[in-house]
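My structure is below; once you've seen it, I'll send some questions.
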Amino acid sequence: MDKTVVSQLSKEKVYETSQLNLWYGEKHALKNIELDIHQNEVTAIIGPSGCGKSTYLKTLNRMVELTPDVRTSGEIKYRNRNILDKSYKVEELRTQVGMVFQKPNPFPKSIYENVAYGPKIHGIRNKKVLDEVVEKSLRGAAIWDEVKDRLHDNAYGLSGGQQQRLCIARCLAIEPDVILMDEPTSALDPISTLKVEELVQQLKEHYSIIIVTHNMQQAARISDRTAFFLNGEVIEYNNTNTIFSRPSDQRTEDYISGRFG
Amino acid sequence: MDKTVVSQLSKEKVYETSQLNLWYGEKHALKNIELDIHQNEVTAIIGPSGCGKSTYLKTLNRMVELTPDVRTSGEIKYRNRNILDKSYKVEELRTQVGMVFQKPNPFPKSIYENVAYGPKIHGIRNKKVLDEVVEKSLRGAAIWDEVKDRLHDNAYGLSGGQQQRLCIARCLAIEPDVILMDEPTSALDPISTLKVEELVQQLKEHYSIIIVTHNMQQAARISDRTAFFLNGEVIEYNNTNTIFSRPSDQRTEDYISGRFG
Amino acid sequence: ACGSDSAKDSNSSASETDKPLQGEIAIDGSSTVYPIMEAIAEEYMAQQPDVKVSVGFSGTGGGFEKFIAGETDLSNASRPVKDEEKTQLEKNKIDFTELELAYDGLSIVVNKENDFVDYLTVDELKKLWVEDGKVKKWSDIRPEWPKEEIKFYSPGTDSGTYDYFNEVILEEEPLVENATLSEDDNVLVQGLKGDKNAIGFFGYAYYAENQDSLKVVPIDNGNGAVEPTHETIKSGEYAPLSRPLFTYVANKSVADKEQVADFVEFMVENAGELSEEVGYISLDDKEYDKDLEAVTQLKK
Amino acid sequence: MVNEEGVTILRVQQAQYSIREMIQERKQKKRIQIERFIPSILSLTAAVSILTTLGIVFTLIFETITFFKEVSVSEFFTADKWYPFAEAASYGVMPLVLGTLKITMIAALVAVPIGLATAIYLSEYASEKTRRVIKPILEILAGVPTIVYGFFALTFVTPVLRSIFPSLEMFNALSPGLVVGIMITPMIASLSEDALVSVPRTMREGALALGSTKLEVTLKVVLPAAISGIVASIVLALSRAIGETMIVSVAGGSTPSLNMDVTTSIQTMTAYIVQVSTGDAGYGTTIYYSIYAVGMTLFLFTLVMNLLAQYISRKVREEY
Amino acid sequence: MKLIDKTIVAKKMPIRLVRNTILKGLFFLATTFGLLVLGILLYRIFAQGIGYLDWDFFQNFASRRPEEAGIKAALIGSIWLMIVVAPVALLLGLGTAIYLEEYAKKNWFTSFIKLNISNLAGVPSIIFGLLGLTIFVRALALDRSVLAAGLTMSLLVLPVIIVAAQEAIRSVPRELREASYGMGATKWQTIVRVVLPAAIPGILTGSILALSRAVGETAPLVVVGIPMFIAFLPKNVFDTFTVLPMQIYNWTSRPQEEFQSVAAAGILVLLFLLIFMNSIAVFIRNKFQKRY
């Protein structure tokens, strides 16, 4: 499917961010962010180190609150409700919005237990359902064949790439609406990266995906829209094609042309 | 300088590996490795996850011994002495052969103390010499300007990219002969990566560098020779140009053509 | 009141025949008296397995503390109750009866290698043990004895044994300052065994058990030197260093709890024999009869 | 395509049921929010420790006040004799404090180096197997009842020491001090080892790769990184040395004295408390109250020491 | 420009290596020292006590006759004590540790609790004895029961457990918590399902040390006034009882030489109990031990 076409469909908005500011203590990490995320698309966030990519991502499921001394202002609407509102239950939000981290972080449990974790905490106890969910999620994360014979081994026995796909499977198991990914392939080898990228492309059929990456070609390859962050600001946000072919801001162009990798 | 020319100079050999085998317990991780490393060159090691890249690198400074149950056979000659010989002092070897790790691992000390650590343990106490070494190494690692005003702050206050360059500086401070790098940029953003890559290019004037990377373009950009590992074996080892333009083994070609990023 | 009296009578006679008693008896107090009470409890429970007797080890003072708080039925003591304690007991309305159980003979002991000390008079004893600001040598006591410094071993200042020694020998004057004190008599035995110039004192049982490795010193109280032996202590000939051991019974417990009454009777009847068995010296039979009478009084 | 198959299955099963819906469904009949009460429940358990301290202060303070009605505070802290049982009683706590200090010092001299060395050996040098065998054995050493150690000191250590130093008295500070040291060594070893092991492996690798010997890695990188845990373990162990009762009662004698001699009989604060609480002192006498005053002193003593240790630990801590 | 003088480096190398070897030897010696002492201690006790260690010894109550004296009441009593101490101390300790590490805000009150705990850890056991006597035995009128002694001992070992549990909880990587929160798990679910399982080895280490201590302590129970002679077993936690160290303490102070051997046999039993406890804990620890 042509990317331009996709974005022109002007799909429903999942997230609407307006006037978002965020401080870590004194440090003003996000400045007046305005950004809408569309359903069933892959949105990439790029920018140099420390520009606030991870911070923004973690704000979308309010994980950023785990850091002490964080203050926010402004609004992030998820499906038309402001999630920054204190009355919004974070657990509910995070059940809708899954997250995959930069460093694979499986639990020190068996592979099976890792994937079943999410359904279990949400009260699903039926063994048969769990078995199916585990299989389905592992298949969905393209790792089923590699682990099907050792579902009850410890997850730490897997290689880094496998661990990361396991983490994706774990996230799929609760069938979220949105998946946030923070540099999910930066710790992986090319073949694993390839697998994950393909996965992302497939997943967008059912999910909306926001991916932080420091790899511009990755962004170009897999995303429908791209946001370029710099110093806590959104410099440019547009169709990926547009961003990479005719960026409207000089800084975007500078950043992209210094590209490699 | 043209890479083909460089390699044809047939520089002095730093490492000569012959018939190297390595087992982690039962797992045969390196199989009959034959590989020579040349002076003042950048040698890249590529290959899919789990193929033994890190293992080989860690064998070159015998860090692999830290894993319990490791057995080796064969020979690695460093400057004509077999380092796998039990009588070879690892401390001596590692003074000659520096290493930079995938994840930045500064000590929980000040920036200054991090860099001065190596010289200090090797018996250099003169404050003035240390100051100079610290400055030179930090400049060498292209981080001096960013930290010169806070040399006595804790290194954990730095960003990931800065920490990695600090670790390179720490390694430079003992003025090694060879520098081993295990995916040194995989945790870094593009700008930091660029800096590190440039650095590597500069460093080879004085050092011989062996770099493990999962980023083939990086290998193509910065290395003089490339070795392709698969399943614990060296499939192909040649000038980087040759490897990437006319690989002689089908598997190499398959791996490279599946490339991206 | 009349009815309950008859009930008690029938019970106490029954205890020696068929009907088993029940309930608890709490005993605490002196560690010196403990072995006797343990033996009595052991024998008693062989007869009345459903009565739960517990015997504590808190020291005479600690025992009285619990007795005053009304936590125990019997309180063992290696000295008579003190005035402060009496006041407290009165305040808490606890009436009690003092029963003598046995004698303990304090033994003066020196190292086995000591061949010159043949006997000591009471005055010499006092001269030895009282602090006078000087370093003491054997020759200070009798000139013919060696000019070597004496090492003193004494039970802890808070023990009944020390208290008694303090009273009858030191007459409340301070003990030599460089004396080595320990709460545990076995510990003193170790000290005396190891130290050539040592002298010390402790309960007779501890000497009796270590006769082979220690030398006991006969005491002259004006009637010639007497060595502490079973007979000399029982007859009172070994003076003034034998002391009585007591237990105090709460009158209310005897009156209200049949198992306590029964136990106390049993105790008085068997104390003589059992205290001998654990290394103490029994009283004259007449003394036990007197005790028995007192107990019977209480039950009424 | 790697995932073709996966995706089809995904679709097929999606048709059957949806976890997302099941989760939503379960949200509706959400059980009562016990979650909300958990912090309060937990804070109650945390309050137990404060109540304990209050209980201790409460227990000690009344009897201590009674004591100070009979003995002046200045006598308690300045008189140079602790002689409560004599006719002319003297209540100067310093000799008892000094006895405690002697024991603690000797114990520290034994336990800190040996404990730390053991921790280092286990965490840095020993193989995983050795570690797994030795650590539990050492923990047994920590659990040996102190009364057993007491007789060990008296009947083994003292005679051995006396055969080396004939001038040593039967009861002295040296022997129980050494044995208290042995008793707390496993504590330092075990807890410090935990602190050392938790220093990330990458840090050791970084140092080793620079050509450090294991010793240098340990002393210059690992130890500093673990220092706050180590200080904590030492403080805990020394507090136990200060509070140790049975060993000192058995092998230390019971002669409070105000000198620095470790070869003669001593008495510590704890030994005094045990002496009186198992002894003969009448309830309600000055002696009886004195154990609470000594207890209070002991309590304050450990308090000050802990505050000091907290301060030191904060000063030397390295963040990572 | 070379600043590092390689000749110095080379010259220093041998001495550094020697230093390393020497200290390694010293560290090893230090480790053996502990084991050696344990060896001597065990040998002496074994030699003395093994003769009395027969089936009767476990079957009999205390007695004035050394041949008949047994450990039954004390052994069962010690087990009863543990039955009270283990759950109470563990629950309170874990609760407090979780509160401090996961819930408490950083304010003066929290730091006061922390300070208070580390101070409590240093309070001598004998003072806990005074506390137990005043609060549990007297004020709460629990008498000299298993419960009173157990609660006293729980408070005594509580700080050790708290500190160990805190340390263990703190060392669980942040990434694991984040992963759990990221799935919509609540804080409590995260604690119960992710943090605690990962922290178990550390918690156990601390708890073993703490429980061993509770089992081996004499002084506080002496002060609380636990009786010595008991020829019956407690039926519930309100009954009175005695424990191994008290029984041993009593035997060691008997005049008869034979009782020293009986005491040694008692010590053996106590040590076996400790070893048994430790091996259970070591087993669990090894089973759960994960390296991240």
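Per-chain residue numbering starts at 1, and chain names A, B, C, D and E are given in the order in which the chains are listed.
Here is the rule we use: contacts are C-beta pairs under 8 Å (C-beta built on N, C-alpha and C of every residue); 3 or more make two chains touch, one makes a residue touch a chain.
Note that this is a predicted model, so its numbers are computed, not measured.
> Hey, what chains does chain C share as contacts with chain D?
In this structure, the chains that contact chain D and also chain C are E.
> Can you give the shortest number of steps from chain A to chain D, where adjacent chains in the path must touch?
When the steps are counted carefully, the minimum from chain A to chain D is 1.
> Approximately how many whole Å separate the CA-defined centres of chain B and chain C?
Each chain reduced to its C-alpha mean, chain B and chain C end up 83 Å apart.
> Centroid of chain C to centroid of chain E, CA atoms only: how many Å?
Measuring from centre to centre gives 37 Å for this pair.
> If you average the Cα atoms of chain D and of chain E to get two centres, how far apart are those centres in Å?
11
> When you check chain A against every other chain, which residues touch at least two of them?
Within chain A, the residues that touch at least two other chains are 92, 95, 122, 174.
> Find every residue in chain E that makes contact with two or more other chains and list them.
Answer for chain E, listing residues that touch two or more other chains: 16-17, 186, 222, 252.
> Give the residues of chain D that touch two or more other chains, as numbers and ranges in rising order.
213, 216, 274, 277-278
> Per the touch rule above, enumerate the chain pairs that touch, sorted by label.
Touch list across chains, by label: A-B, A-D, A-E, B-D, B-E, C-D, C-E, D-E.
> What part of chain A is in contact with chain D in the complex they form?
Interface residues on chain A, with respect to chain D: 92, 95, 119, 122-124, 129, 132-133, 136, 139-142, 144, 173-177, 195, 198-199, 202, 205-206.
> Which residues of chain D touch chain E in the complex?
Contact set of chain D toward chain E: 34-35, 38-39, 41-46, 48-50, 52-53, 55-56, 58-60, 113-114, 117-118, 120-122, 125-126, 132, 134, 136-148, 151-152, 156, 182, 185-187, 189-191, 194-195, 198, 213-216, 229, 232, 235-236, 238-240, 242-246, 269-270, 273-274, 277-278, 291-292, 295, 298-299, 302-303, 305-307, 309-310.
> Going by the contact rule at the top, pick out the chain E residues touching chain B in the complex.
1-6, 8-13, 16-17
> Along chain D, where are the residues that touch chain C in the complex?
Spelled out, the residues of chain D in touch with chain C are 83-88, 154-155, 159, 162, 169-171, 249-251, 253-255, 264-265, 267, 274-285, 287-288.
> Provide the residue numbers of chain B that touch chain D in the complex, in ascending order.
Chain B reaches chain D through residues 61, 63, 66, 68, 91-96, 98-99, 101, 103, 105-109, 117-118, 120-122, 154, 156, 167, 170-171, 174.
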